[in-house]
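Listed next: structures, encoded as structure tokens.
Paired with chain B in one complex and with chain C in the other, chain A is shared by the two complexes that follow.
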Partner chain A sequence: MGSHAERKRRDGAQPSARVPSASPAAAHAHRESMPDGAAPAVPGLIRLQPSSVRAAAQTPLHLLPCEIQHNGPAAVSRFFSPAIRPGSSGPVVSFRGRSLHGEEVTLPSGYMGLVLREDKSEGPEDRTVQAIGTFSCFTLWGLEAPPGPNARMHRALSWPSLATAIHAPVAEEDD
Partner chain B sequence: MDLGDFERDNTGSCRLSSPVPELCRTEDCCLGIDEAGRGPVLGPMVYGICFCPLSKLSDLEALKVADSKTLSEAEREKLFGKLDQARGFVGWALDILSPNLISTSMQRRAKYNLNSLSHDTAMALVQLALNQGVRVTQVFVDTVGPADKYQQKLQERFPEVEVTVRPKADSLFPVVSAASICAKVARDHVVKKWKFLEDLGDLKMDYGSGYPNDPKTKLWLSQCLDPVFGFPQFVRFSWSTAQLILDGRAVPVRWEDSEEEAGGPPAAGRGSGTPSLLSYFARTQAPTERQSHRFFHERGLETVADL
Partner chain C sequence: MLSHKKRPAEVHCDQWVLVAPESVTDLPGKTENGPVFTRLHNPRTGEAALYLFDTNAQQLFEVKAFHEEFHSWFIGQTVQHDGRLLLVTPVDPLFMVLYYLIKAEKEQGKFQPLDQVVIDAEFPSCSMLLQCAKLRPFLHHVTEEKEIGNKKFYKYSKEKTLKWLNKKVGQTVRALKIGNVNVGARVSSATFVPGDHGSDVKEEDYICYAHGLISEYIPKELSADLAKYLKLPELSASLPEPPLKKRKVSDGPVEAEEDYTKFNRVDLKTKKTNSKMTAAQKALARVDKSGMRSISTFFGTKAKAGK
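Moving on to the complex of A and B:
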């Protein structure tokens, strides 16, 4: 919530549909393996400062089933986290007077979640991002019901293992 | 009145009840229903029932119970003490509905309005008394809405019981007055001892009466506003007073079930209906980008080429 990586969505159509704060590694893997081979326009180089990844601490993350039209800090620890209660099927909370049911989602193994912030002082050509937090799991919230196994997020996170499988070297067959 | 259960979790609802007097299981009883805190934008709404054998009605009247609104807080406390002492023939039960429960019910996908919530709560309390073995023969209900429809609804649900729904019943029937006192005392206690889950810093809890037209309440609402989260859970988000402040001063939030924005009525030419005739003559832009495969689309996966 309010993390930098949340920014790229602009269409407003499917608020819960995107992989939140996917690490550049995950984004890269996805790009390389687009099946239609359409190469996106090459943007300027974006560097991730490796030292910032080592320094970044684990941070709790929440993905809400709504689009909050805000990009910046939010008083999560003052307003949201203390209101989370254990429910019969997982954590429950409310946001803006609407009831949410949550589910812990663990990232696929071998992946690391990063919350990134851009260092704005650099020129437009060379961009640097810093990791300001890391995560290996996050809470996926559903409106009035837990997101459940069919949630798009779960299905989205099945891609990395599938990608690995289809890109694994195939043993050459003897004829 | 032990409100410990509610204080431990003030995000849902909580039921409290007195022991059932033995007399109420052996003699025909009347039962009164009233609510406290329907109007305020702050704090819980409390539903109360009170019951007593018909033979003991004059004893109940002798306690000089009256409509809780005409009494001071101290007088209500005193009368509640008297009702408690009359436990040989008076029983009561309460449902405390937290402001969070009210907000989330009223703002559900399938809207659950305050009247339905009230009616269901009232009926659940009557059912509780019946389940506890109270021989309820008459029910008296105070209402703010249309009395006849409510009466019909209750009568259908409890055909064995004679139901009377009446505006201002809390000043007409002592058993309703007693219920109103129980409910109001509980609401007063809960509001006074409200434990904010949120860390509101050094905000002063000077919120006045909690009624939307109270300037103190309005001022407090705008002081406690957080641009992202809105209000603490003490506030009923579903009240128009709260919504207006959110609309004006908090960041916009779009839910997956919000109505389509900027569509106007789905009339000719716009929205989801029939496309405008003109659209057939318009130059169509050839798609410049290939759509990604359905597999990715269905999973909400997009190619990230930039941050």
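Moving on to the complex of A and C:
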């Protein structure tokens, strides 16, 4: 019966899992902010570019149980992927001295994963996002233990089917 | 290696990991205008939230963020600090239009053409709702209609709306049962195990839970009316209510555990001070946390049950 606060504290007790950024400079590389003043024809639309979705390749994704203070290139296939080895309950990898236990998570049927990136080259009046990768599954990593059936991710991924039911039109009747 | 302590919100990236229906992402070669993300009002609060229209705005979807603290992504040969998973799921456009119908009823109280009801200077793309295929054939569930000449005029009907919402609750209850969702408010096992119902789960628990889920998409007043209509014991007794109320009073990142919108909140707070925010981040900052509430309600059960 862990209370909200307890759960919070437990999570809060993990900061040792925070990993220093490999390249702090990259994290600073913000783009210049766009002036909001220039009103687009239809304000506030961000278009997903269809050709980018067609061109996007399957990409391996890992959701890590730690916060990495960095955005940008990482030598995943050099240092992370080769270290993955089979364990009794699934893949295991040692990452920055901590043991991670992985689990393959498949997206709900009828759903597809996209990695989207905003393309800033065209200016604020024509905002677009590009798909830079697709996925139909990813590896969910737990810290020191496998995520298991109670992982909140599994509940999250059961939301689409419930949402579909909630938002389906109601059955017509003859009244 | 440098230790680099930064607050999460300061590490920005214009990149998102998103899960969407294949109907949205399946874009044949001829498609020129793909799906669009846009801000619309959250039908419960009226605040901004992030939505998506598919190609030609035939269908509406909401974008919800699933986020657990201390998570980051490896994506191919890159790392993404933001460990959120965005879920794109369908939304009944009738909920969105209902919000404006109720508003019009309060302000004008007369029959009006729909394009005069669904107008919003703050959310100009709300007019796209009128293109949704699943809107017009279902308007009669929530309105009285009049046809003069070739033009249709609509007026909000609370009576019809409650009937409609009752059916919505019914279909939600069926889905909860099929999905084996643990709806028991006071079930001692705090963990969600598919197929493992508490045997003491009553029909009322399902209705309460469904009412809570539906309430994410209707104004509070209507939610209270619906509770009465469903003869629910006490609104406060309905399962998802406490986390909502709690979330309202504590606006800080304290609740991170159950609050998938923490990043948005943080963005919101740093909006004025962080001049380096990009337009996308500003847009996201404006995007409402409450738009992401229904999913947190859905997933909040575990914590609630553990109390």
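As a convention for this text, the second predicted complex is superposed on the first by the 128 of 175 C-alpha atoms of A that agree within 3 Å, B and C clash if a C-alpha of one lies under 4 Å from a C-alpha of the other, contacts with A are read in each partner's own complex, and residues count from 1 in each chain.
Methods note: a residue touches a chain if its C-beta (ideal position, glycine included) is under 8 Å from a C-beta of that chain, and two chains touch if they have at least 3 such contacts.
Treat the numbers as computed from the prediction; the structure is a model and nothing was measured.
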Touching partner for A:Leu116 - first (chain B), second (chain C), both, neither: both
Touched partner set for A:Gln69, first chain B, second chain C, both or neither: both
Chain A residues touched by each partner, larger count belonging to chain B or chain C: C
Which of chain B and chain C A:Arg85 touches, first, second, both or neither: first
Partner chain in contact with A:Ala163 - chain B first, chain C second, else both or neither: second
Chain B versus chain C as contact partner of A:Leu61, first or second or both or neither: second
Which superposed partner A:Glu144 touches (first chain B, second chain C, both, neither): first
Touching partner for A:Ser99 - first (chain B), second (chain C), both, neither: first
Where chain A meets both chain C and chain B, residue numbers: 2, 4, 7-8, 12, 14-15, 17-18, 22, 27, 30-31, 34, 36, 42-43, 46, 65-70, 74-75, 77, 80, 116, 118, 127, 129, 152-153, 155-156, 158-159
Chain C-touching residues of chain A, taken from the complex the two chains share: 1-4, 7-8, 11-12, 14-15, 17-18, 20-22, 24, 27, 30-34, 36, 42-50, 53-54, 59-77, 80, 107-108, 110-118, 120, 124, 127, 129, 131-134, 149-150, 152-171
Touch list for chain B against partner chain A, complex: 9, 11, 100, 103-104, 106-109, 197-200, 226-230, 232-233, 236-238, 242, 246, 251-257, 261, 289-290, 292-293, 296, 298-307
In the complex with chain A, residue positions of chain C that touch it: 1-6, 8, 11-23, 25, 27, 29, 31-39, 55, 62, 64, 66, 68-83, 85, 87, 89-92, 94-95, 123-125, 134, 137-138, 141, 164, 167-168, 171-172, 174-176, 178-179, 181, 188, 190-194, 213-214, 217, 254-258, 275-283, 295, 298-299, 302-303, 306-307
Chain B contact footprint on chain A (complex, rising order): 2, 4-5, 7-8, 12, 14-19, 22, 27, 30-31, 34-36, 38, 40-43, 46, 65-70, 74-75, 77-80, 82-83, 85, 94-99, 116, 118, 127, 129, 143-144, 152-153, 155-156, 158-159
